[in-house]
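Below, subunit A partners subunit B and then partners subunit C, in two separate complexes.
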Partner chain A sequence: MKSRLASLVLLIAAIVVLALLPALVNNYWLRIATGALMWAGLACSWNMLGGYAGYINFGQSAFFGLGAYTSALLMGDPLGLPFFATIPAGIVVTAIFAIIIGAPTLRLRGAYFAIATWAFAEVLTQFVNVVGFTGGIGGLNLPPFLDERFFYFTMFAAAVLTYLVTWALFERSRFGLKVKALRDHEPAAEAMGINTALVKLQTFVLSAVTASVFGSIFAYWVTFINPKSVFGGDITDQMVVMVLLGGLGSLWGPAIGGVGLFVINRLLWMNWGDTAFYIAILGAAIVLVVLFLPNGIAGLFAKRPAESATVLDKAVDKLVGNGEGGHS
Partner chain B sequence: MSQTVQAVANDGMRPSGGSILVVRDLYRYFGGIKAANGVNLDVGRREIAGLIGPNGSGKSTLFSLVAGTVKPDRGQIRFDGHEIAGMSAHRIARLGLARTFQIPAMFDNMTVTENLLAGAAQGHWQGAHERAAETLGLLKLVHVADNRASDLSGGQQKLLEFGRVIMRQASLILLDEVTAGVHPNIRKIILEAIARLRERGISFLIIEHDMEMVRNVCDRIIVMDSGRVVTSGSFNDIVRNSEVMQTYLGRPQ
Partner chain C sequence: MDLFLQTLLNGLLIGGVIATFTIGFQLTFGVLHVIDFAVGGWVVLGGYLAYYMAAELGLDGFLAIPVAFVLFGVIGYLIGPVLYNVRNSRTARPELMALALTFGLFTLLRGGMLTAWGFNTHSVPTALSGESLSIGPVIVPLIRVAAAAFAVAIAGGLFVFLYRTRYGLAIRATAESRQNAALMGVNIHRLSANVYGLYAGITAMAGVLMGAIYSVNPEVGLRYTLFAFFVAVLAGLGSVGGALVAALLLGVIEAFVSTYVGSSYSLLAIFATLFLVLLVSPRGILQRGL
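Right, the complex of A and B next:
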């Protein structure tokens, strides 16, 4: 009870500091904070399916890109829609694609889903590269709006909403019980009357549309997007490493990993003007986490015996079709 | 008329009017293995039916066929008035069927309490927290309520899986060797719980290798061999039938 009160106080303090941040730091650091909030939100979106349901998605950047491109296209000529009207449009477009990709593949074992999401992201990137209305490799410009505070607060609101929804749905509701049950033992979850195919699809759609919302905000913020900047595979890679480092299947793990790695990325850039070394850090982080820290940084604060099963075990089982993970 | 039907019926059957589960001419081959080779059996309402037979006789396959995890090649399965052959596992479960697995099927990363709640998450949510607390008490798991399921002992995992089945509020429960390899204390807890549930009107079909357990809890024994029901009857009937004993006990376990 005491620790619960302590974490509540900590949470409120963090929100107050974040809300006051624009008054405390200059625009340079505010931009970094905006980016950190975005990555915390994106990592959380990947964790919804990867951590809570155990299904590894290697194409999450596709949904980030769909949100970004939907906003860019709708805000540009000839429609010129207001920014906030384009977010729901991005959500709808993304949800449709997520259902098309997820409905057939989430019934199979995790490897098929992982390959399908990766292939989808690749196909979409090439599609956007070659067709005319997306601007091809040249990308798209959005109407510039140069108010750092606006983007900070918009990203802040999106991140808070993302974590609030994740907490309410996955940590505090029976929907979360169903998702975690199918992650840990799919046939047993079915035997409890849980429609695992449907619950997985719902989780996937929620995960995808969350990434799409951040894509919309990102596009407006940076005012220029191209296929590489919003569909790039490295965007997915970063989300995966952030979640693994922070703690797969935990509420705060993605926030820790997302903020931590993004800030490291920016510090490297500030000091060397180059982030090539960042890729090496990502690789090392994956190896170290898999070997020594399967529950991530968040797992350090939870008491559990060393031999306990981990969420990572379950996700790997689903990927390779081991044990009870998949069923025909 | 119905008398005639009964007279010619296979040994696993009872009058189907009072049956919660009716299986007729059920077939399922895995390649050349005839796991279900024309199974006929009934389970009466409030009945505790024991399913025995040598390893590989098709008991667990029959469970999977009834629960919907394996689809039959042909045949009928009627559960509580619904034709369920070929139906998906979660739809059959929602009709009121619950099962345990031969190897305890834990939700490893969830706590004991969460495991129980997950049993009620689909369709039985009303009062689930109270029932979970009750079940923890009934199965003497209160002291490990906040432990992760993967950290429990083997016997405790069997108890927890049984508890999750209780949370489902099913009308028919399939138990697959639920007391195999558990401490006598835990076995006693499970047996008492089964008796209590039967009083509430729940039927059981139990796969069991322990003849002592079969004798103590089952109203009727159904004997399977080579994918078929060979015979059924009271424990004494079965024991007196030397041919059955040969079938069941004459092979290495």
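Right, the complex of A and C next:
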């Protein structure tokens, strides 16, 4: 009870500091803070499916890009819709894509799903590169709007909402239990009467839609997008690293990983410019985390060891007689 | 018609080279149960080795082939046990952790190569570069013929090794059932290291050939990883025989799309095919399944 109160105080303090931040720092650091909030949100979106449901999505950048491109196209010349009208549009477009993609691919087991999502993102990138209306490799311009505070608060609201939804849905509801159950043992979850196909699809769509909202805000914020900047595989790479670093399947892990890694990225950028070295650091971070810190930074603070599926797995394997005793 | 034949032949020749590393990729999956994202990284490293041997020491690109096999064989032999340990660790999701590990390895290789060698594209000079062979109306670059011949030799050797030796039998048994193979006295841990070493060595050799045919830069690794995935999905993960067929098919598809539609569409076509196959028949067209 005491520690719960402490963390609540910490949370409120963090929110107050974040809300007052524009008054405390200059525009340069405010931009960095905006970016950090975006990455914390994106990492959380990836964690919904990757951490809670146990399905690795190597194509999350596709949904970020869909949101960005939907906003850019709708705010562009013929229509010129207001920004906040394009966010729901992006959500609808992304949800449609996610259902079309997710319904068949979520039947695939882990590795195949990872390949399928990766292939989907690449198809979409190549498609945006070659068709005309997206501006091809040249990209699209958005009407410039240069108010750093507006973007900071928009991103802040989106991030808070993302974490609130994640907390309510995955940590505090029956839905979250269903998702975790199917992650830990899908056949067992199904045998309990959980419609795993539906639950997986719902999680996937939620995760995709969240990324799309950040894509919309990002596009308006940077006022210029091209396939590489919003569909690039590096975007997914970063989300994966942030979640692994912070802690797969924990609520605060993605925030820790997202903010931490983004700040490191900016510091590197300030000192050495746009460097390929960062990619190497990302790679090394993944390898080291997998080898030495499989539960991420959040795992270090967990009071009891993070819930491990192996006990349940072994028990159920014994019952259903899963020949290899593995997870295949 | 001439163009058609030429495209077909080019595709088959490239497919042969692709087959060498995808067979290794399948073998690794069969034994280690790990999907190796890093496959493209080994291909590119092989190409760079050949480039630097040619540029710094003035050696012919082909001389890099045995060096690549030994060097990356040793590196693979050292990495194999790490992969094995992660895949069989007691963490919550060893399958995803192993996938993440190879993904991290691939990112590390790509970032390291970009940092060390930059974004420039290099070609690997060989004695056969620029020469070509004409069979009737069809003109084929000699380097592609040589590379394909070499690839066929490697693949043939691998098949003989797998199907005609006791150690090959142990590898196949392990791929079929790890538990039973272990009970029959196969040292799975050491076998995993050997298989990953063999695979990394072969893949780097294929990289030398790919570097001589096309050119090499750190970003093309992704393309080869995609090739391996494509073949794995078409053939069914772990299927070694199917990999040969699927690799040839991939070479032909790529050649035809590049020639008749445009090379910027070839990746789109490959990804789209891959994606459709996954939807229609997730266990591979040439089914053997897991």
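Here, the second predicted complex is superposed on the first by the 302 of 328 C-alpha atoms of A that agree within 3 Å, B and C clash if a C-alpha of one lies under 4 Å from a C-alpha of the other, contacts with A are read in each partner's own complex, and residues count from 1 in each chain.
The criterion applied here is as follows: contacts are C-beta pairs under 8 Å (C-beta built on N, C-alpha and C of every residue); 3 or more make two chains touch, one makes a residue touch a chain.
What you see is a predicted model; the values in this text were computed from it and never measured.
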Touched partner set for A:192, first subunit B, second subunit C, both or neither: first
Comparison of subunit B and subunit C by subunit A residues contacted: C
Touching partner for A:282 - first (subunit B), second (subunit C), both, neither: second
First (subunit B), second (subunit C), both or neither touched by A:266: neither
Touched partner set for A:120, first subunit B, second subunit C, both or neither: second
Which superposed partner A:200 touches (first subunit B, second subunit C, both, neither): neither
Subunit B/subunit C common contact set on subunit A: 183, 308-310, 324, 327
In the complex with subunit C, residue positions of subunit A that touch it: 50, 54, 56, 58, 104-105, 107-108, 110-112, 114-116, 118-120, 122-123, 126-127, 129-130, 183, 233, 237, 240-241, 244, 248, 275-287, 289-291, 294-295, 306-310, 323-328
Sites on subunit A touched by subunit B in the complex: 174, 177-178, 180-181, 183-185, 187-196, 249, 304-305, 308-311, 313-314, 324, 327
Of all residues in subunit C, those that touch subunit A in their complex: 33, 35, 82, 86, 89-97, 99-101, 103-112, 114-115, 118-119, 177-179, 222, 226, 229, 232-233, 237, 264-265, 267-268, 271-272, 274-275, 278-279, 282, 290
Footprint of subunit A on subunit B - complex, ascending: 67-69, 88-90, 93-94, 98-99, 101, 105-110, 114, 117-123, 125, 128, 148-151, 164, 168
